[in-house]
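The next part holds the structures, each set out as structure tokens.
Below are two complexes that have subunit A in common, paired first with subunit B and then with subunit C.
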Partner chain A sequence: MTKRIIMHIDVNSAYLSWEAAYRLQQGSSLDLRTIPSAVGGNPETRHGIILAKSIPAKKYKIQTGEALFAARLKCPHLVIVPPNYTLYRQCSQALKVVLENYSPLIQQYSIDEFFLDYTGMEKVLGDPLSKAYEIKERIKNELGFTVNIGISCNKLLAKMGSELEKPDKVHTLFPEEIPVKMWPLPVEELFGVGRATSRKLRDRGIRTIGEIAAQEPGYLKRFLKNYGILLWNYANGREDSPVRLSGTIPIKGLGNSTTIPFDVEDQRTAHLVLLSLAETVGMRLRQANLCAGLVAVSLKTNEFLCFSHQRKLYLPTDCTSAIHQVACELFDELWQGEPIRHLGLRVAELCSSDFFQSSLFEKDTEKQRRLDKAVDAIRLRYGSHAVFRSVFLHSGLKALSGGVLESEEYPMMSSIL
Partner chain B sequence: MKVYMQPIESIVWFTKEGIPHPIRFRIQAEDQTYRVIKVSRIITRQEEKVAGNRMLIFRCQSEINGLLRVFELKYEINTCKWYLYKI
Partner chain C sequence: MIILCTKEDLLSGVNTVQRAVSTKSTLPILQGIKLSATKEGLWFEATDLELGIRILLPVNIQEEGEVVLPARLFAEVVRRLPDSSIRIESSGHNINIFYNDSHFELNGYDPEEYPEMADIPSGDVIELPGPTFKNMIKQTVFACAVEETRPVFTGLLLQIEKEKISLVSTDTHRLAYSKSLLNGNEKEFSGIIPSKTMQEIYRLVGDEEFLNIKVSKSRVIFNFNNIQVLTRLIEGQFPNYKQVIPQTCNTKLLINTRKLLDTVERASLLSRDNYLKTNTVRFNIENSSININQYSELGKISEQLEIEQEGEDVAISFNAKYIIDLLKIIETDKVILETSGPYSPCVFRPENNEDYLCLVLPLRN
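On to the complex of A and B.
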């Protein structure tokens, strides 16, 4: 088989670049990318964290995920703009349209990352490196934001390559370049090494990616289990997942969560929040033609302590009410009366909703399913708030919660290449 | 030319192919009075897709206050809004 050529296209400080490009187009004279600036949530609804930052803001050691308050302490003149997910969605879509000119096989990996399989395209379009430069320039000129492109023979190396030096750069990271370009980097830079794994590695004196690669795989396996072998392969640049078209990774679980603008202190309000989450989860579940066999509830208290609880169902279901009922039971068992900041609802053990084993001893859900189907159809046609449950009237809560865009799937980060 | 990006009211004709041709527009001055400007000539038309937001930019020419001025109009396809972009 011929050697694969994979490109990884990554937008530099995506949310911020997109906002900056949009503002310039709308006639603003200021480019947010040239000053210390950040995209941050609304502190009043307690979503006040930094979502993306400009490169000048990076110099003040402002980190993604930290509180706006902490960021302002580091840099008092930091310009903070609110997020606009519809815009991000639109930018991501425009980027995809450009990339589609260069290969038929493109995988959207997250809102701002794409994999492009260039294998075989060199016969039509020519040298991948010069094409990558062309793609980069074209995106900059047409869409007004900069990207990093990594080129290699697999997705992992392409992704590692695009993260080498930013912004507006093309990097190659072919296997023969690994010792020079990848091995000297700290372990945290390796895809799949997060806080927990990095600590385990550093405790054992493994500080660079090269040192992972040099380890005996059996040694890594002893403390990281099979994940150790995977990391050892990654550190050596071995990875062979295909560039997948969207929707080809089977869904294993599905959930939504929300940070509530105020602390919830009574059971009724908590149940209402769970209902609004169940509405979203149920809708997504039915859209994917799936039924869930397990429901899980998680909560975070005002002191940032997290708890969770889950239960298997006797009968798989996709009904909003059924999911909500189980969620409430779980919540009542879980909750000790602390003020609640964040609630989450997740379903798993999914099976197809076309055929499933029914039970004589459970309630007949046929009527409920017909109702859900009608509600979904109304919401699809007239908007997600066209019809909602009357308990939400004057409750100060949203009838549907969780997710960043209503009635639309928004590509989030994934750990599966 | 300087960037203004002021929203304007406009009269436009569209071809069968869907290409807009601005005929005249009016702009509200700071003293709330309207000023009507007739587009005498469209010099160029180009599409812009910055941030995935499609806009058409028209470079036009008109007589304004006795002077032949070149200016740019912008049409935001998504919202159907017209702007006086640069003058």
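On to the complex of A and C.
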């Protein structure tokens, strides 16, 4: 097989870069990237955490995920701008359009990351390295933000390569460069090593990626199970997943959750929030042509304690009100009366909705399905709030929560390369 | 207790009761088998409190007594004993098994703690013909629900009304119904019996002519040979199954059972392993033939099967597993299929047999 050439394109501080580029375009004289700044949620609705930060802000040790309050303590003159997801989607889409000039095989891996399969393209477009510089410069000039590009022979190494030194850089990380460029890095830098795995590795004195690579795979397997073998292969730069066109990874489950702007203390309001989540979950489910066989509800109290319950359904369903009904039953089992900060609704055990197994002794769901279908059609055409349930009138709650509808194409991160 | 017996005796006792041993109980002693040496012989007994099985074996009892032994270990030991005469002696809660010039000592539980089989029905005795009842179980037990979300569907409805007896099971996607005659019976009974119990009865009933049952409000006991099976009844209301069995149809087919089974099994090879687990088979019924044309990412199949057709053409999809399950238990050469369109229940019955039917709901698309 011919050697593959894979590029990984990663936007530097994506949300912040996009916001800054947008503001410059709109005539602002200030470039957010040059001052301590951050994109942060709205503390009023209790979404007040840092989503992205500028490089000057990094110097104040401001971390992504930190509360805005804590960030302001570290850097009182920090400029915080609200997020604008519509803009991010547009930027992501614009980036994709640029990349499509360089290969037909592009995988959007998250909102700000793409894999590009350059294999064979060198015959048409020339040397990958100089082409990568061209892509980087073109994005900077045309779109106004900077990216890092990693080049290698598989997706893992390309991704590791783009993480090397930021911002605005092109790195190669071919197998022969692994000992110099990748092995000295701490284990946490390896794709797939998170908090839990890093602790297990460090407890055993394994501190760098090179040390993972040098281990006997059987030893890693003993405490990390098969995942240890995967990490050992990753540490040695071995990985062979294809660059997938979007939508080819099967969905195993889907869910939405929301932090509520106030603490919910009564059952009726909680049920309403669940309904607003069921609306989005149901719509996503139907758009993916799936039915769910399991419903799960999770809640977080004002003291940040988390609970969850799940239940299998008699019959797989994609119907908003059926999902909501089960969710409410689960919630009632789960809830002990604590003030609720956060509610989540998730469905799993998916099966195709193309064929629907009908049942004896059950209410006919045909009518409900037609209703859902009609509502979906209206929302897709006129926007998701074009039609909503009247219970939400004057309730102070959103009729649909936990965003991210398929039609809005907001890509999510995945642990599968 | 002191008993003299053979390996065969012990093996038949253990094999009979072992499936009633609890697998997931919080009561450790329920993982045991109780052996009681009495004047009548040696009783083996096991229960998970829902299902209890007892068998009496005529062995030489030297001294009466009771022990409770860990079921799995005891069964393994018994299977590995030599074919020699065996002597079992108890001391306290433990037993010593003597064989050849050797012995095996096993620690047991305190037999005082073993739960008594409570509420043993003492009502009327109803006599059932063994082979017929066994066949009725076979015809229906497969259609019970596996998930325990709705308990009534995990059991079979047994109805006895004077000279009529019927067994019904359904998981709401399919329904199996079998009926027969009880000559000379005057009594009545209706209750939902767990499918596990029915499977055990199917396994344990031999060619006995009769088994008799005694019923109470919450339990039923089956007696046959030297075996007793005591079971809890499932509480709840079995739905009115009669109203869902269609009385008329628009299409009636007569199909070779074996050929249809083979065809559906082949077609399901293509659909059973896909990640969405929809094991679909679509029958296109027209011009006195069933056509199956299916494809998946794995391949493609086209089959044509000649049938006898009365009535309209129809295209109808099923879960292939449901069709395979029912065709496997139909013993006649030909099977009758009755349907009234792609959304209505479809009835399968053996040719020339009014006593059995299986109803399958189609897949809608």
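Quick note on the criterion: the second predicted complex is superposed on the first by the 412 of 417 C-alpha atoms of A that agree within 3 Å, B and C clash if a C-alpha of one lies under 4 Å from a C-alpha of the other, contacts with A are read in each partner's own complex, and residues count from 1 in each chain.
One rule holds in what follows: a contact is a pair of C-beta atoms (placed from the backbone, for glycine too) under 8 Å apart; a residue touches a chain by one contact, two chains touch by 3 or more.
Every value quoted in this text rests on a predicted model; they were computed, and no experiment measured them.
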item	value
First, second, both or neither for A:Gly27, with subunit B first and subunit C second	first
First, second, both or neither for A:Gly144, with subunit B first and subunit C second	first
Touched partner set for A:Phe304, first subunit B, second subunit C, both or neither	neither
First, second, both or neither for A:Cys351, with subunit B first and subunit C second	second
Footprint of subunit C on subunit A - complex, ascending	250, 290, 312, 314-315, 350-352, 354-362
Sites on subunit C touched by subunit A in the complex	147, 149-150, 170, 172-173, 175, 239, 241, 244, 275-278, 280, 317, 319, 343, 345, 359, 361-365
For the subunit B and subunit A complex, residues of the former touching the latter	3-5, 48-53, 55, 83, 85
Residue ranges of subunit A in contact with subunit B within the complex	18, 21-22, 24-27, 29, 87, 90-95, 142-145
